[in-house]
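One chain, subunit A, links the two complexes that follow: it is found with subunit B in the first and with subunit C in the second.
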Partner chain A sequence: MSSGNATEQITPLEGAGIRSETAPAPSRHKLRLVPLLEVRQNVPETQRLACYAASLAVAAAISFALLALSGVAPSDVMREIATVAFSSPRALGSVLAQTAPLVMAGLATAIAFRSNFWNIGLEGQMILGAIFASVVAIYDVGPEPARLVLMAVAAMAGGMLWVSVPAMLKQRLGVSEVITTLLLNYVAFNLLLHLLYGPWKDPVSSFPHTEQYEAFERLPLLGWLNLTWTLPLAALLAGLLWWLLSYSRIGYLLDMTSSNREMARAVGVPVAGLTVAAILASGAVGGLTGFSIAAGVEFRMTQDFFAGYLFSGVLIAFLGRNHPAGVVIVAFFMAILLLVGQSLQIFFQVPSALVQLVQAIFIICVAASEFFLTYRMHWRAAT
Partner chain B sequence: MTEFLFNWLVNVPAFAVPFALAALGLILSERAGVLNLGAEGFMLAGALAGIGVTINGGPPLAALAGAMLAGMAMGLVFAFLTASLRINHVIAGLALVFFADALTRYIASYAGWTNQAIKGLEPIFLGQDLVVWATPLICLGCVLLLNRTRFGLALRAVGENPAAADAAGIDVTTMRILAILLGTALIGLAGGYLTVAVSKIWTGSVVGGRGWIAIALVIFARWHPWRAVLGAILFGCIEALIPRIAATGADVPRYFLQMPPYLATLAVMIWSATRSSGGGAQPAALGLHHIREDRD
Partner chain C sequence: MMPNALRLRNVSKSFGTFKALDNVDFSVRAGEVHALLGENGAGKSTLMNIACGLYAPDEGHVEVDGEAVSMSDARDAANKGIGMVHQHFKLVPAFTVLENIVLFNPGRQAAEIASQAQDLAGKMGFDLDLSRRTGSLGIAEQQRLEILKVLVAGARFVILDEPTAVLSDQEARALMTIIRGLAASGSAVIMVTHKLHEALGHSDRITVMRGGKRIAETSPGEMDAAKLTTLIVGEQIVETPAPSAVIGKTRVRLSSVRVPGRSGRKGLEGIDFRVRGGEIYGVAGVAGNGQNELADVLMGTAEQTGGSIEFEGHGDISTLPPGGRRKAGFAAIPVDRYRHGLAGRRSVAENYAVNGVLSGSYGGWLRFNRGQARKQTQKAIQAFDVQGVRGTGMRAGLLSGGNAQKLVIAREFETMPEVVLAHSPSRGLDVRAGAAVHERLRAARDSGAAVILISEDLDEIFLLSDRIGVLSGGRMVAEFEAPANRNDVGKAMISHE
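On to the complex of A and B.
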């Protein structure tokens, strides 16, 4: 049906509307106010920040209220935050240890979002990354001193492989990447279960996880606060991406591409190549995230090492405004949230879904605040 | 062999109904121009409500009504974000799925509804339950509503050309909110059917991506109700085949058997993409906001 047709047929609706065609009493008009939306042209940075801060405050208030309803008083929450994060260097160490993989997850998501590719397949890419790294570890590929590097490279290849299918479908055929990346998570998860309950079952304990990685297949300890090399790896990645996205020519061209694709193409930017490169980079960092948890935290591949990272990654990228520095800051607070959530689960028996519920409340509040930045609202009497 | 075929086909409707209802609900909201990626979330809300009502002594039909209301309650949040606040539809949809996923698991674990088996909906005729028989009627209802009523005409106009619809005196925002509520009622019913009639138990993964598959199904059906039901039957056949193959004891790895619905969805999406050269079936204003004061 053409749109022109539709409008023609709709015109009689006005006559059928509830308002009578005789002149209505003017008093009714005064009472009825309708909102008028005006699109804001320029929003000052301070106003942006204020709006962002206000939405975070609203989300925090809702979260505290929710916790109070679940029987955890705000003072308990504050005490828990203080204990979990800042009571001792050891506590800070565990927060930083949790921050590292979250930074990587956030970066993986942010790179894709920045090139207008909704990569909702982080968990699938993490799983493939860990599977590829485990292939190297289990079948003893390469000499021992080079093993860890080989595992990392394999993990990046795995993540890239998994994101390349949606990337290709989007570029070649225009297939929505939201659905394809998401569905491939389920495929990857079933592949993981197949391996862990089948050929890769731990030969020692018969539990559904791989055998432990050898000492040289694990990310070594830093020798500070019980941290592993995951943290410097995440910091290095964040720094590299910050430089790439904000200061390099590639970042400039990528921003041009995502803000106006047609214009970028017209002035000779290799639009398709840049987008594909960014998507593959997102997959590679996703694979590396899986590797960093398998080789830096669990020292083996388990059946739920990736759980929750998809949501966390989206939230971190979104709240961090897809900027590497923002990602690092948000990931730090997210790590505190995760640890506080675990602790509340133990001491107050709140359900494990609590953390994700709080995350969802933050996403909704910050997304809703965009309205106040995009539009100015006027109330005007209906005429 | 005939026994295998019979056992397979008799199970197809129960697997097809959730896809069909969810796809019909999606079509209702998407024909009004609302890109609805929240299907998985609305189904989860419906699925939990179905279990909740049943465990608290409600009959199956009350459980299904509860599922519709739960879907609509979530739909109200989604409508507020997309139609009123005009948030990006992709972000709103994803946020809603995350929210519903967390909220349902939170409530289920608080109320202790997890892993409690229920009696559920019984077959009424030819081994099929009431909802199976009602689904073709619901589809007919959707077709009539969209194509034969003023309301449907206004709904489609809002999805094709909101500016023209606005000029013709249709309240675009209200129309979209109504379309979302109608659609999410059906998607909630799809979720409720999953727990009340199919699984008869709640687990956090009971919907298992079916909402996303339904979204792909709508693209495959080119936003047309009857074709969506045909697609749903196709996916019902694929899903119903899984337990049958497992029952024959064939030597197929168990977890590989879980993959076909997802892979079939990818295949269907590729097929739809190669087929539509102009992409004409998609509502022209899908995912676009209408601001009267803004120039197009």
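On to the complex of A and C.
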């Protein structure tokens, strides 16, 4: 806001309007602090981390207060967290089982975001991935020992196919991918419903989900904490992408392209090819995410196996600063949050909306911290 | 009490450990034009950002009409009669002229603003249609809109940051008339500039800054260009023409090259010229006659619809993408270094390393040896005297204009190029940085490269060129051997319009 001092308002311009002869009346001094914002020239890494930590602390404080208002004492929340996550190896196992698909969802989103492609069609790509994998499973494509690998490959192809439409529309016609990827989620969902209520309805139970995958079509157990191969798969993907994005020529060129496309093109970076490759990779990981839930958790394709992953994926990519390591860390905490949320719902009857609210609070607080990293505030008395 | 005066009293300002301003005193009175001169990084912009409320001083304060004020943003400053016309215009292209003025003056009736703007535009001699879309205005018209905008907001103190940097000679002269008119009608004008003749010919007072300090406050009557240069850079810099000693074979030949124009402007309508090794070919012309298209078509980023570009030893390279041309020995210093030259959000090392990365010096597709890239960058910034680099991890966007340009040159001249395209390479640079850039171009020429210099600054063309082509309406309309007659070149520039 401007100074609340009417006497110092612009003096109407006279004649030529360039200048007013009357000097403005002296201002009345009021003790009022106003912030002045300055753009920061540089931000040391320690300051960035401190700011990040502070925003998380603020988010936690607000969340605890909100839960307390809903009748869950902070001590109860802490106990729930301890129980759900760390009370036993089994508890840790279920956190890790929940973490794996979240890591994959976060990675899929992060790759796209890093190349300035705002892919919010993760759920559509997951659905297509699961559909393609299910085609392989239902119609018994390929020999049994290779079935699982074929399903994974098919899932990646499905995700890539689904993201290639918005990619092409953007490259050729400049159509915003935010609209196209989002709307294709609904197309994919209706395709899924068509299949589940039609040709792929479970012949045994007549429920709207596919028949169960055969044993060799499921991601096998690790033999540790009751976990499946989804976890190593997610870890492998994270490691691979970390390497590619941070230590390879591909990652370097992608960073240059996304920060100044025109400059990158002028110095000979193959910008179009790189961008398309990154977008397709995002779709492929999205398809794999769908596959890993269908073949690793549900052992079939259900109506809602994908639900919530779009939002979680965006959240994880954003909080993890589109970095694979960040994605893994955030996904782990997100898994705890989801599981704690579930048990709070069961044991304390808090509404599920409250759990979503807590997620949203964390997002807003971290997003707000960006502001303090961009600007320095000076508090000074207004005149 | 000084009426109608803006004064910055003993202002200091630091960014981290860097002292941008050190106890600077500066004032401007109604009716005068005060020129603020200094090199890139001398603190001019910081000082003006304090004057218009974007920065708060660490020490000292701002006085308006003899009274200390504190401002929390540009709106506050506007209310106190201070208006700034930034080098990069702050306009919404999709809005009409009037809508942009209304946007800057919230809380007032559009009709009232319209009549006031109309009135002011008439008084200032601006031919501006308030209902036109801002994006369709030329650069000079947009600048007039910026000036009008701050005047409607009641500015008595008008700050113009590098106002002629984006203008042609003609437009710049018209602007100087406008500035004198502003002062004559009682405004106080601060003109931030690099150009000595603007300060000497069109101001009443001159303040020179260097290294964050005020070095001198003087008047044009007591100064000449040489004295002023010495004050600005702390030493004397005089550039003299140095013609090429050995001119070789034709390196590049453009024949009937055509490029379609964008957004209603003419493109290239069949352009012919050749450049030999060991010569600097200067392309003179009034801005907007195909300079950008010519630069783009040489870099390989334009859509070429006809003709051929023959490159010695490589045949017609018309369809060769930018990367292929660079491998063949092309180097480019683009006109807008922050847009086409550097990725501002990436580090100095990443910006420097791009050639090496593409040629595989830092590993294959699955490898990027950052340590090696940093080492090479460190060497290059020393060899090319890039200053203000607080570490190779620093964002390139934080470099000042001159140093950003030196970084671009360091990268482009990493391996000695065979063909150099330089588009207004010293635009926005101070005398010293400009001279350093020119030195690099001459060195490239002397080692046998074919240098194409596109510039709207005739001084630069005459200083460097061994041959001069005149670009007008998308064609090369005349060619002169150096030493050419300046009047003849000037005539050729405008006679074909």
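One rule holds for everything that comes next: the second predicted complex is superposed on the first by the 342 of 383 C-alpha atoms of A that agree within 3 Å, B and C clash if a C-alpha of one lies under 4 Å from a C-alpha of the other, contacts with A are read in each partner's own complex, and residues count from 1 in each chain.
Everything below uses one rule, namely that a residue touches a chain if its C-beta (ideal position, glycine included) is under 8 Å from a C-beta of that chain, and two chains touch if they have at least 3 such contacts.
Here the structure is a predicted model, which means the values were calculated and not measured.
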Touched partner set for A:M263, first subunit B, second subunit C, both or neither: second
First (subunit B), second (subunit C), both or neither touched by A:L37: both
First (subunit B), second (subunit C), both or neither touched by A:V204: neither
Touched partner set for A:F318, first subunit B, second subunit C, both or neither: first
Which of subunit B and subunit C A:W118 touches, first, second, both or neither: first
Subunit A residues contacted in one complex by subunit B, in the other by subunit C: 3, 9-11, 13, 16-17, 36-38
Residues of subunit A that touch subunit B when the two form their complex: 1, 3-4, 6-7, 9-11, 13-14, 16-17, 36-39, 70, 118, 120, 165, 169, 173-176, 178-180, 182-184, 186-187, 190-191, 193-194, 197-198, 311, 314, 318, 351-354, 356-357, 359-361, 363-364, 367-368, 370-371, 374-375
Of all residues in subunit B, those that touch subunit A in their complex: 37, 77, 81, 85-88, 90-92, 94-96, 98-99, 101-103, 105-106, 109-110, 150, 153-154, 156-157, 160-161, 164-165, 167-170, 204, 208-209, 212-213, 215-216, 219, 253-256, 258-259, 262-263, 265-266, 269-270, 273-274, 279, 284, 291-294
Residues of subunit A defined as touching subunit C within the complex: 2-3, 8-13, 16-20, 23-24, 26-27, 34-38, 41-42, 243-244, 247-253, 255-256, 259-260, 262-270, 378, 380-383
List of subunit C residues in touch with subunit A within their complex: 3-4, 15-16, 18, 30, 53-56, 65, 67-73, 75-76, 78-81, 116, 119-120, 123, 151, 153-154, 156, 182, 185-187, 299, 301, 321-327, 332, 334, 339-346, 350, 353-355, 357-358, 362-368, 370, 390, 394-395, 398
